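In the two assemblies presented below, chain A is common to both, partnered first by chain B and then by chain C.
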Partner chain A sequence: MTSRRKTLALLGSVALVGAVGVAACGSDDKSSDTNGGDTATTAQGGGSGSETRFMSDDAKKGGTYRIATPDLGFTGGFDPSAEYLGWAWGLQQMLLNRGLVGYRHVGGTAGTEPMADLAEELPEGENDNTVWTFKIRKGVKWSPPLNREVTSKDIVYAFERMATPSVGAQYANYVQPIKGFKEMADGKAKTISGIETPDDHTITFTLTEPTPDFLFRLAMPATAPIPPEVGKCHTKAGEYGRYVLGTGPYMIKGADKLNISSCATQKPIAGFNPTDGITFVRNPNYDASLDDPEQRSAMPDSIDISVNTNEKDVFDKIQAGELEEAAGLSVPPDVARKYTTDDSLKDRFRSNPEDSTNYLTMNLTTPPFDDIHVRKAANFIVDKTALQRAWGGKLYGDVTGHTIPPVLLDGDNSIDPYATEGSAGDLAKAQEEMKQSAYDTDKDGMCDAGPCKGVLYLNRNYGAYAKLGPIVIDNFAKIGIQLDAKELPTGPAYETLQTVKNQVPLASNARWGKDYPDATTFAVLFDGRNIIPTGNTNYSLVGITPDQAKKLGVTLPKDGVPSVDADMDKCRKTGGEERIACWKEFDTKVMTEVVPWVPYMNALHTNLLGPAVTQWDFDQDSGESSLAHVAVDPGLQK
Partner chain B sequence: MLFIILLVVVAIFAPVLASLIGHGPNELFNRTMLDDFGLPLGPNSEFWFGADASGRDVLVRMIYGTRVSLAVGLLATLFAVGLGVALGLVAGYLGGIVDTVLSRIAEIILSLPILLFAIGIVTACGASKEGCARGAIKPGLMLVVLISAFFTWPWMFRIVRGVVLQLREREFVDAARAIGAGPTSIMFREILPNLISPIIVYASLMIPQAVLFEAYLSFLGLGVPDTTPSWGRMIADGSQIYDVAWWLMLFPGIILLLTVLAFNLLGDGLRDALDPKSDR
Partner chain C sequence: MGRYIIRRLLWTVFIVLLASILTFLIFFVLPAGDPALRFAGKQPTEELIAQARVNLGLDKSLPQQYWLFLSRLIGGDEYGWPGLGYSFHTRDAVLPELIDRSRVTGSIIVGGALMWMVIGVPVGVISALKRKTFWDRGLMGICLFFISAPVFWLALLSLLIFWKHLGWLPGTGYVPFAQNPGQWFAHLILPWCILALLYAAIYARLVRANMIDVVSEDYIRTAWAKGLSPRKVVMHHELRPALAPIIALFAIDLGALVGGTIVTETVFNMQGLGNWLLIAANNNDLPVTMAVTVVVAAAVCILTLIADVLLAIIDPRVRLQ
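Our next item is the complex of A and B:
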């Protein structure tokens, strides 16, 4: 999923249950990590153990933490079963509802370690990671008006919702290894046979294949409990989002007024209006002694998120103390310049790795990018530093040369087969590659065959994306590829790119962020089995077979396209250091033998903190502010 | 008039001027004219009007933008005048049902909120890879020209029709009819030459409207692509960071203002010179 209103918001289309595997969120970003950022602002104040913590000496409980966003942008109506927006995940995990597995909700590697949340402790996988048994904490209660204890049945119901097609679960593919899940999703069973509940506080998952990263998957908010009393009344996609109850430190304002005596009496909770905003207030049934303070500080009495479409107004208000921060917006570079060059303000500008990759995607089936030498030449010629500067410079991203963000490779950012001095591109190296291509007919290092002219280049038409266009067009022209730029709004751009039959040759409108801290959430982008006619996220069509091509109306190059399906399957079965090493090998192979992208930057998430913020941290999991650990001083608010 | 001639010269010799300056319209100077935050640097001895957000020379892009503005202004006016004059002649001379139908069509078009409608059309045609009407209409300069012409021809139509209604009753028309001239001959050989003055006057006033129209659409991101410099788009791009890069809006804004003013003054002058009934 993603983090900054990800691109993702639009990506909402991604696949889903039933289909072979697919999905994942597309996003603009999703995040994580900490390494990487020589530019990342490090914590000030210290004392929390988090390397990304901002903390003053007088952080106290109380007050209202005010956030503005241009658009809530929920992709699944805030229904935990369906929602696929990274920021929404953060709200659900940190504030609203507790799952079996959680995170510390801090930045850096500490924020990517799974921890027991609703579970008493994290189990070891049994039988080659195919059986996982959890004990549920006793005494954890649902918020008003439900007021009862959470049981294993509530968790089972959450999984059954994901297996209910009408709910529109967008990442159910991650739990498909559970025995019987697919049968229920296909309508062949009424329950999931692979989930057992011997008692109200025990739940066992039996999987059909070794899944070493299953704990990560159980940290995704769709797997957190849902009360059947309320959920069963709302099985249309996104509908439950207006009725969400939880077990976390906060509840949606007005949740206690929800009349759950019958489905007919339930009216949307007053504190959430998709066009105006959402307000969280304290959940009176939350018992902090049954939670881990490392995971949630829960300092403010309430958190108010309002919609404000005027970006300049939002940042003006933050600076004036009328807001604490923004969501779904990157800090404008001019504001970043002002803050980072003023010693009295610099602590209030935060920049943290999102664990996402920005890239140009090349279609392996479309001339001239059906020739690997052209794709390699593209990697040599692109001025990555210029692209980085288009996003705002070093505070907005770290230049990269490979597909998987470093944090998912144990911090390794050394894979860079097409490194150039200053990451500025190298014409000589690019032309050497181009000379080996059939599209360079006179072998002068310039693409000169017919398909080199008028090559469709898809991009978004606003913000930093629009600034990428001139650079990309200029760079490709240096090796003879004349691009015909097509700039579209975010939604149509995604729809165009995700429709396979369009065979878009080159695009820079997409980004990708992790779904959880494992490289498999990037590998899905190159899985040939995931290629679907629309909503496709394997934009390069890596691994497409002749049969698929025929069905999808795609013209294949005569030598076909390379596949890495077997390589990713091998990695998925491994664990520990072996898994990391396997993914590094995979990434290297992708960049040297397939070359579907020109990866150029691992994005950094920027935040601007208002003067009343007394504590703040970054949530590496969602790639957004950690609302679990913020605090505000009402006396400093305006 | 002098200013308009200057604009035409600049438009024609844009490549020559750019080569004298030493910068291309899409040439990137992102190493020297953008700071570490990707923000553009202002006017200096090499970049008289500063750089834009991509590190391109604002002066050179303004020079090339003259081409777009004049092309849109002249082409849209040409199409609108052609259509408006032809239909105005027919409606005014033939009268009856033909006049009624054409007049109602013109009134319907004039009643449409032009900018809103144009935005709708351009957005619809620009929202997909193929354009719209099965690819027949694609976003770009020509679409802007056609939309502008579509919405402005009724003005010329009404003026021409009104004048023709008066002229068709004149003796020289009766004389032509008496010697056996057909309707087409009368319309184009007898009446049309008498319409030249009002056509020239109103055409000169339609040009600045078309120039502004292109600027509006480009400002909204619906006009020409970024690689084709346009004053409207330059102003739009500059508006996002106007408080830290004032030059991005100021210089294109001034040249747009002066251009529209110049054409309006030209139109006024022509009307004074060619319309015998106007106050001198």
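Our next item is the complex of A and C:
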């Protein structure tokens, strides 16, 4: 049984694996199979057995690990309640604040298993996964200036913040199954009735529906404790981000100087400026014996993240040893080429799946894509290898033929109903499919009806996106679909696509990444119940009902639009291997009976490591570097 | 002169208001995207979007929103005076950030401006005096090169040479003066030079052209005829009137650079106002866009006023009315 399957067994009602057991699952030591070159690489120390770890023989504690990023890019000001950026989640989970549930923070399926973090052990869901009781580790303390022990009340407060509209919690939907959460969010209650704290070290969640993946949801940073003494002073959206205290191995530099005697005396913590950077230093109250070394090695004394707007400069500095790595930037192709073709540098270039899917989305209510044969023909004709090249080639993404990234399907990437040789597209197959469409009036395999001309195609107007446009236009022309490209900056492009009344037939400006390591976070994109007039993320309008269509001013095709709502509901209730199998079945159905997308690539996250990095790993959960397991040799830094 | 200055200051207030209204309207009219959608996250619900509108004040009518902006600007807000609100992008107060970034931009443009005047004016004078000689042609050729060369290319080239290869100067980034004056200076040398080279080249050509115009004036012939020394003729009678339009231009350039050193700041990784404006524009960050616009408009107006006053002092033909 792979580690991934063990995780899902945990979610089901069949097996209960405690923290010790989970730890044992990943204790096999392996050399990194992607490592090479002169540096000796072993998987020692933390013993996570990660396949993505880079480690030299002399990884030691100490030093400052320096990262540069063009923009911190926080979506919620780093306030855990409001923050929705994967990288920020990683900082919060790995460095700053411990939640009830955590991860190993390594790459691959081993990094997707939930583990007890602030909880003593992972509980089994009771009453058909509707009641979850956690025992909180004793002795875990808040960083200075708070210095007190973490209690169950701090966790309750974190949930109450999410239910406070002014805080602007962006993913509160994941905890809405908690009884009474919605009532508090709607202003009908002052507390959440479904959360009980019999004592300071026990907390029980009662849910309104079976939620086998609740453990994953509790690993999201917004659910980690927040001290009410500080949090209550900052209920404007994102504001608490400048005052975040935590229980992890690090704290924001200057957090100890925060004057918490009253709200009025609190001034933003000096070590974090949203436009300059953020520095983490060791939390003197962190007791490593109360943490799991598999989850956090906490090697550097400090981690310094600075904003650098010059991308070239960032990678020059990494190569020169003035920085350890970059965040929010892909390694430029010329640098990647240099590192991947030089044996002595090879192991400093890292490429890992970030569990996201790049795709073309087709609107099921808009001609000619309201015909499934046209959508299937589109899947056959698109040259996915060319699109992959537009993103930089194989180092930057793996070609795919289905919607859900392989890591979330236990590594399975076999679903590919429209496979073509070399993934380069197949005109004959596409035309065969097109012949079955009503839009091919003379049955010659070409879309020739009126709606095949001037079809709006939305895209972004910069970077790799701009390179996609000509390929897509050329591909669709081969089956008679003439696209009218409209390229916009990111914000307007998203807004255009997310506004249902715009009825965008085809778009390539969107991509999607997981929220937590379960396929349900992809299935939401096909949930007909999620369709809203603006801000809509079900771009294809899968499962739109006649009532919804009427309200939104959408004309439905005469046979209606297929729905997979019942299928996803079925999968959401399952656990263990059954759940994986269910999501595979779901993915297959989406790709064969609905066909809302042309999925073409699972993006890879690239990292370049500076010469002073002595240990590094990938965090599969956040899809970013695992700062929980990095180490640096100050003697090699410049 | 007092009345003139007061009148111009009132005019400045009007211009700033006008600029802020235009920026405000452009923000909402052009398809820049709805900030509430971004604020509501990646999986928004109708309730979240509505709440985001409330949180950002976007639920109010445009006149109400503008009035709120104006009243806070004049009366201050919870973050101090003038009230500039908090950023949609960073969820942080705009005022302290504006002050921090103004120091960075101020450091770049003041040093750069001094340098381009010190280089540009003498080069222009020499060229004008040595008209049609090797010196004139050589200097103007160099000027043309620096005018034509893209700033980002020059900046990257300078980093490549002076940081990466020679190691004479530190790389990118800004060190506050209070933290380490030596490092502050060292980090600013390249940005100053890059900014100065472009403007010095432009100014040199302008000074040269103005000087050549002036030397053919009757009063210059009179000055020579009176037997004045060449130094006196050049410095007092030729250069002063030739500098008059330069001073007016200098004021406008300086004001525009308050928010316009985007390329220099980006390449040299200096978190100044220009860079901030770019980030704000990319992120539909209305409060930051408004704040920088107000500062730039005020800077241009005030610097122009100062230039006009200086002009009246330097050039006796100019009278303030």
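Points worth noting:
Following the convention adopted for this analysis, the second predicted complex is superposed on the first by the 590 of 638 C-alpha atoms of A that agree within 3 Å, B and C clash if a C-alpha of one lies under 4 Å from a C-alpha of the other, contacts with A are read in each partner's own complex, and residues count from 1 in each chain.
Note that a contact is a pair of C-beta atoms (placed from the backbone, for glycine too) under 8 Å apart; a residue touches a chain by one contact, two chains touch by 3 or more.
Bear in mind the structure is a predicted one, so any value in this text is a computation, not a measurement.
When the two complexes are overlaid on their common chain A, residue A:Leu506 makes contact with neither chain B nor chain C. When the two structures are aligned on the shared chain, A:Val307 is found in touch with chain C, with no touch to chain B. Applying the stated contact rule after C-alpha superposition, one finds that A:Ala110 touches neither chain B nor chain C. Contact with chain B, but none with chain C, is seen for A:Asp474 once the two complexes are overlaid on the shared chain. Annotation for chain A, partner touching more residues between chain B and chain C: C. Shared-chain residue A:Pro492: touches chain B and chain C both. When the two structures are aligned on the shared chain, A:Thr534 is found in touch with chain C, with no touch to chain B. Using the contact criterion defined above for the overlaid structures, shared-chain residue A:Cys452 touches neither chain B nor chain C, since it reaches no partner. The contact surfaces that chain B and chain C form on chain A in the two complexes overlap at residues 488-489, 492, 496. Within the complex formed with chain C, the chain A residues making contact are 71-72, 74-77, 79, 82, 84, 165-166, 168, 170-171, 173, 236-239, 241-242, 268, 273-276, 306-310, 312-313, 316-317, 320, 322, 488-492, 494-496, 498, 515, 524, 530, 532-535, 537. Taken in their complex, chain A has these residues touching chain B: 332-334, 336-337, 383, 386, 389-395, 456, 458, 461-462, 466-467, 469-471, 473-474, 485-489, 492, 496, 502, 504. Per the touch definition, chain B reaches chain A in the complex via residues 26-28, 30-31, 34-39, 53-54, 56, 126-129, 221, 225-227, 237, 241, 243-244. Residue ranges on chain C touching chain A, taken from their complex, read 31-34, 37-46, 48-49, 51-52, 54-55, 86-87, 89-92, 97, 100-101, 156, 159, 164, 171-173, 265-269, 271, 275-276, 279, 282-284.
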